[in-house]
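Across the two complexes that follow, chain A remains constant while its partner is chain B and subsequently chain C.
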Partner chain A sequence: MFDVLFIGLSLSSILLLVALGLAVTYGAMGIINMAHGEMVMLGAYVSVLANIWLGANLLVAIPIAFVVTALIGLLIERLVVRRLYGRLLDTLLATWGIAIILQQAIRLEFGLSFFGIHVKGLGSGLQNVPVPQALQGTVSIFGQDLNAYRIFIVAMTLVLAVATWAVMYRTSLGMKVRAIIRNPGMAAACGIDVKRTNAITFALGSGLAGVAGVLMAGFKTVAPDMGATMVVDGFMVVVTGGVGSLFGTIAASGLLGEFNALVAMVSNDIIGRAAVFAVVICVILIKPAGLFTFKGR
Partner chain B sequence: MKTLFSSYHVWAYLAFAIVILALPLIGDEFWLNRVAKYLCYGMLGAAVALTWGYAGILNLGQGLFFGIGAYAMAMSLKLKSYTSMQQGSETPVPDFMLWNAEPGAPTDLCCITPGSWLWIPFQSQWVGLIVAVVLPAVFAYIMGRIIFGQRISGVFVSIITLALVLLTRLIVTDAQPLTNGFNGLTDLGWFTVFGVELDPYSKVTYMVVAVALIIVLALTRMLVATRAGTILQATRDSDTRALYLGYDVPAYQSFFFAVSAGIAGLAGMLYVIVAEFASPSFLELSFSVTMVVWAAVGGRGSILGACIGAILINMLEARVSETESLVEAWKLIIGFVFVIVVIYLPKGLSGLAHDLMSKLQSAPKLSSVQKEEAHQ
Partner chain C sequence: MNMKRRQFLSTAALATGTLAMPGYLRSAFAEGDAIKVGALYSQTGGLSVVEKMLASAVQMAASEINAAGGVMGRPIEVVTEDGASDPKTFAEKAQKLVIKDRVSTVFGCHTSASRKAVLPIFERRDAMLFYQTHYEGFECSPNVVYSGAVPNQQLGNYIPWIIEKLGKKKFFIVGSNYVYPREMAKVSKGLIEAGGAEWVADEYLELGHSEWAVMVNKIKESGADVVLSNVVGDSIISFYREFINQGLSHEEIPICATVTSEIEIAAMGAEYAAGSYTSFPYFMSLDTEANKSFIERYRAFVGDPAATTYHSLEAAYFQVFLWKQAIEASQDTTAEAIREGVRGQTYAAPGGDVKIDEDNLHCWLTPRIGQWTADGQSQIVDEYPEPIKPLPYAAYGEAADNLFCTAQGLDSSKL
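For the complex of A and B:
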């Protein structure tokens, strides 16, 4: 039983890793960023490239990936998302286009493959990132042998969740973001530069996705299409938890991850995933605003 | 409202009908088979435009209805396939069920694999045909009643439909003994009408698909012009206001949702007749979003526009795919086209055409004959 719960916990932490960034962008900006999964993918590729070209290990890749994906996020916000505020469904479609572009950019090695140039680490093939020696093997906790890297992921997720919470509730940027979540018009009237705050928020969310990508590169094969399914999972978590509620996102990822693991234990992985979708549908039908939410003002 | 034939819309529909009916004169069977597939996609595009453009409901799970239609027809055609004959039974039994059967299970549809009895009605191709259209419509109606009855709208509907199609995909791939899982249903037989077998590579089959598409487009266009269609558009623009005016908003939304699902089911059914396979890839998220791309490029506000958008994009894609190095680049181009269309051309190509036409029509000295010529 304990090992099932631990598997559930690590599933939850992966869900939360993806959902944290989405919770920030979707909650604050009303942007459905379908390219979020591709940000995760880019983060994973940053760790691949950092390993090949710099010899850097996974831990070093984390800050690099954060900066790179945050900058790409900023660029996307400037070029596309900014023009679509208030058109929720259109942001979904436009960012879907961006997602395709990013995927193909990696596959085509930024277009260099047309000129016969091949960048090691890019392309349509699968890539792997070695896990640092210290995080390999198993660790014994309460008499159970647990995978060390999974424990590392759970711990890192906790750190990131706390960091996000601190940014949202302990900084002036966070206060502005929360004001925008509640009522963007009123926030602007109070002198908050909504556009600038949104741009920073989007970059922050993208950066979080990049870090998630690095962590995932340690246990998943890295491929250009790895992000596509993640964004769906991430949205399920955010919507279930309640839009704009950080606590809701954390709680929902915990619930859905454990539920997935428990159902998978009695049946199989596919049914486990299917059960999660069923739960999400039921939650939206019964409580469209999400499980943990506040009233908008 | 002007007389029927003074509107350029009618001429556009007529022109489209004439073009697709005339294609067999210029193409060979192999090419027509490909075009027939695109016509099925065109029908899907029209279904998306009906819910998205006219009802304001972005269904990200339209592939579910296409998939149901495709699987229903494929089940019937699988039972007509030579691979299902002589499997040690009087009645046809799909070959993959034999591979998945428990040792010693009776070779009969009733109980060869768990749930295989579900296939029994599909021994008649007409059951497959009817289920392919009716089941998506009924399912969508019930779904719509629940969703819209709860006054769920906007992106939440999209997420529910999206979750539903992915859920179905998982169940279909998991039910290997019943659906052949990831492999889907292949080696299908041919549909027979009045003793004529619909060979996918024949002009007859192409004409069946083309005529079906024309009928669907015409009926859908007339449907949205009815009173119910007008009320539907009112619910799109402000559902609260429509509700306060006394209209049963969920009923209208559910009805059109069901119509759109039925059209998607029909498209899936025809696609199987033409393409001879059904696979879980129809239930993938990317396919459902791709349909929305077609409708967006063609113009979500126009039934015909979305249909032409789907056909054009697929024709272009086929043309581009003939050059190997461009296959991957094509997706890149589609990505860019999509971003640009969403930002700069929210009404799509048909919106562009519409603006051009209204400029032409407002030009005072054009006689009506000239207008028609200008359009053609």
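For the complex of A and C:
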């Protein structure tokens, strides 16, 4: 039983990793960011490139990926997203376009492949990121042999969740963001620079996705289209948890991950996955705003 | 010369008309020139990584044939089309190649889905498809030459060897959820029971699934002593990684695979597969002069000194030579001539001698079992002395003395 719970915890942490960044951008800013999965993908590629060109291992790649994807996020916000606030469906289309551009940029090696120049670590092929020796194999906890890398992911997710919570609830930036979630017009009237805060928030969300990408690279295949399915999972968690609620996102990922593992264990993975979607549908039917919502006036 | 304006116009119109003459009229004048063939592989999309390699193997064979004087003195012209990893696009492009370009032969397709999509076009228009990927069998088309392995050439030797030589008695069968792994599982179960062993589970995961925690846990708890994997694509990589990371080892519970090739091993990191097995007619590590030369020429052709070769790539290459011999045997380039000419053709491929079967147009191949080593290559631990007959309906009881698929077509009364 303990091993099933651990697998569930591991599935939950992976869901949460992707959803954290989305909770920030979608929850706080009301942007349907379809390029979020591509930010995860870029983070994974940063770890591939850092390994090939800098000899950096997975742990060193984490801060690099955070900075790189946060900067790319900032750029996207400045160039595209900024012009689309308040136009929900337009953000969906525009960020979807960005997602396709980013995928192809990696696949075509930023266009260099047209000129016969090949960058090692880019292109349409599958990439391999070596995992540090200490994180391979198993670790014995409570008499159970558990997958060391999954324990590492759970721990890292915990750290990131706490860090995100601290930023949102213990800093002045977080206070501004929460004010903007409640009422952007009123926040602006109180002297909050909404544009600047939004830009920083978007960069933060993208950076979180980048870190998720590095962690994914250790056990999933790194390929240009790896992000496409993740964004679906991310939205599923955020919507189930309640848009704008960090705690809701954490609770939803825990619920869905554990449920997935339990059902998959007694039947199989295909049914497990279907069962997760069934839970999501039920939650949205009963509580359309998600599990945890704040009351607005 | 004093040409009147009207006269000039009519001459110009005539000239334009000649230029715009339909393609089929012009090609009639081009007799004696190049023989056009199609190469239909995904150049874009998720499958392009693998299929581009197959396309370059076909190109390489064509350029080697051209350098040696062509086919009946005529050069080969390869018309490349992009299937875009989408069966519908494959069908459209196959139509274009067969109807507009009027090729009688197309080398192409990689997945069974794309082959099934183009098959009606080749049968209706009577053109030939040369298909190189190992597949699930259960097909008997007079318009397809299959140069890859069918289940009896991958499993017929494999399962008895696992039971006898490795001493394994409890199989855990796992695969991706579509026709190939399911057919492979069906053939395996028959062989496992015939060998006096048992299978404890037959599980499937969605194509492209990369979360293996639950499945590997089930393998651990099942008490199985060997895993038979028909998993395909990206999933292979996360499967092997999870397998090792949950503390299982190939010494105790080896993964015996039918799809995992040099390509996937390189992508996952060789240490995760070291000690596991795969059954294929061709391995890159085959220690023959022909194979070494093949690898060297392929690397030079694609301009990558570290390029990898594997079973389907080798088959994509040698099928072009079988096609050439078929044309030379019947001295004609029509589909009918190729179909009859290719029966019984033999060729010394990089992986050893191959032969197209007279009955079912599949390929005689030598079953081999490779054990993966820490450097990402294989060590051949078992191989047949000679190629064996392909039996595409082995799962339904086909045997060499009881053929279902013959030159007359499929005898469906036996199914």
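Keep in mind that, in the parts below, the second predicted complex is superposed on the first by the 296 of 297 C-alpha atoms of A that agree within 3 Å, B and C clash if a C-alpha of one lies under 4 Å from a C-alpha of the other, contacts with A are read in each partner's own complex, and residues count from 1 in each chain.
Here, a contact is a pair of C-beta atoms (placed from the backbone, for glycine too) under 8 Å apart; a residue touches a chain by one contact, two chains touch by 3 or more.
Everything quoted here is computed from the prediction, not taken from an experiment.
With chain A as the common reference, the superposed partners chain B and chain C fit together side by side. Within the superposed three-chain model, A:1 lies out of touch with both chain B and chain C [touch as defined at top]. Chain centres taken from Cα atoms put the angle at chain A, between chain B and chain C, at 60 degrees to the nearest 10.
After overlaying the two complexes on the shared chain, residue contacts for A:149 are found with chain C alone; chain B is out of touch.
By the document's definition of touching, both partners, chain B and chain C, reach A:268.
Applying the stated contact rule after C-alpha superposition, one finds that A:32 touches chain B and leaves chain C untouched. In the superposition on chain A, A:90 contacts chain B only, with no contact to chain C. When the two complexes are overlaid on their common chain A, residue A:105 makes contact with chain B while staying clear of chain C.
Closest C-alpha contact of chain B with chain C, superposed model: 5 Å.
Of the residues of chain A, those at positions 124, 268, 270, 273 touch chain B in one of the two structures and chain C in the other. Chain contact summary for the complex, chain C toward chain A: residues 46, 48-49, 177, 203-206, 208-211, 213-215, 217-218, 234, 237-238, 241-242, 244-247, 266-269. Residue ranges on chain A touching chain B, taken from their complex, read 32, 80, 83-84, 88-90, 92-94, 96-101, 103-105, 107-108, 113-114, 124, 228, 232, 235-236, 239, 268, 270-271, 273-274, 277-278, 280-281, 284-285, 288. By the touch criterion stated above, chain B contacts chain A in their complex at residues 58, 146-147, 150, 152, 154-156, 158-160, 162-164, 166-167, 170-171, 173-174, 285-286, 289, 292-293, 296, 325, 328-329, 331-332, 334-339, 342-343, 346.
Within the complex, the chain A residues that touch chain C are 3-4, 7, 10-11, 14, 124-128, 130, 136-138, 145, 147-150, 219-221, 223, 225, 229, 261, 264-265, 268-270, 272-273.
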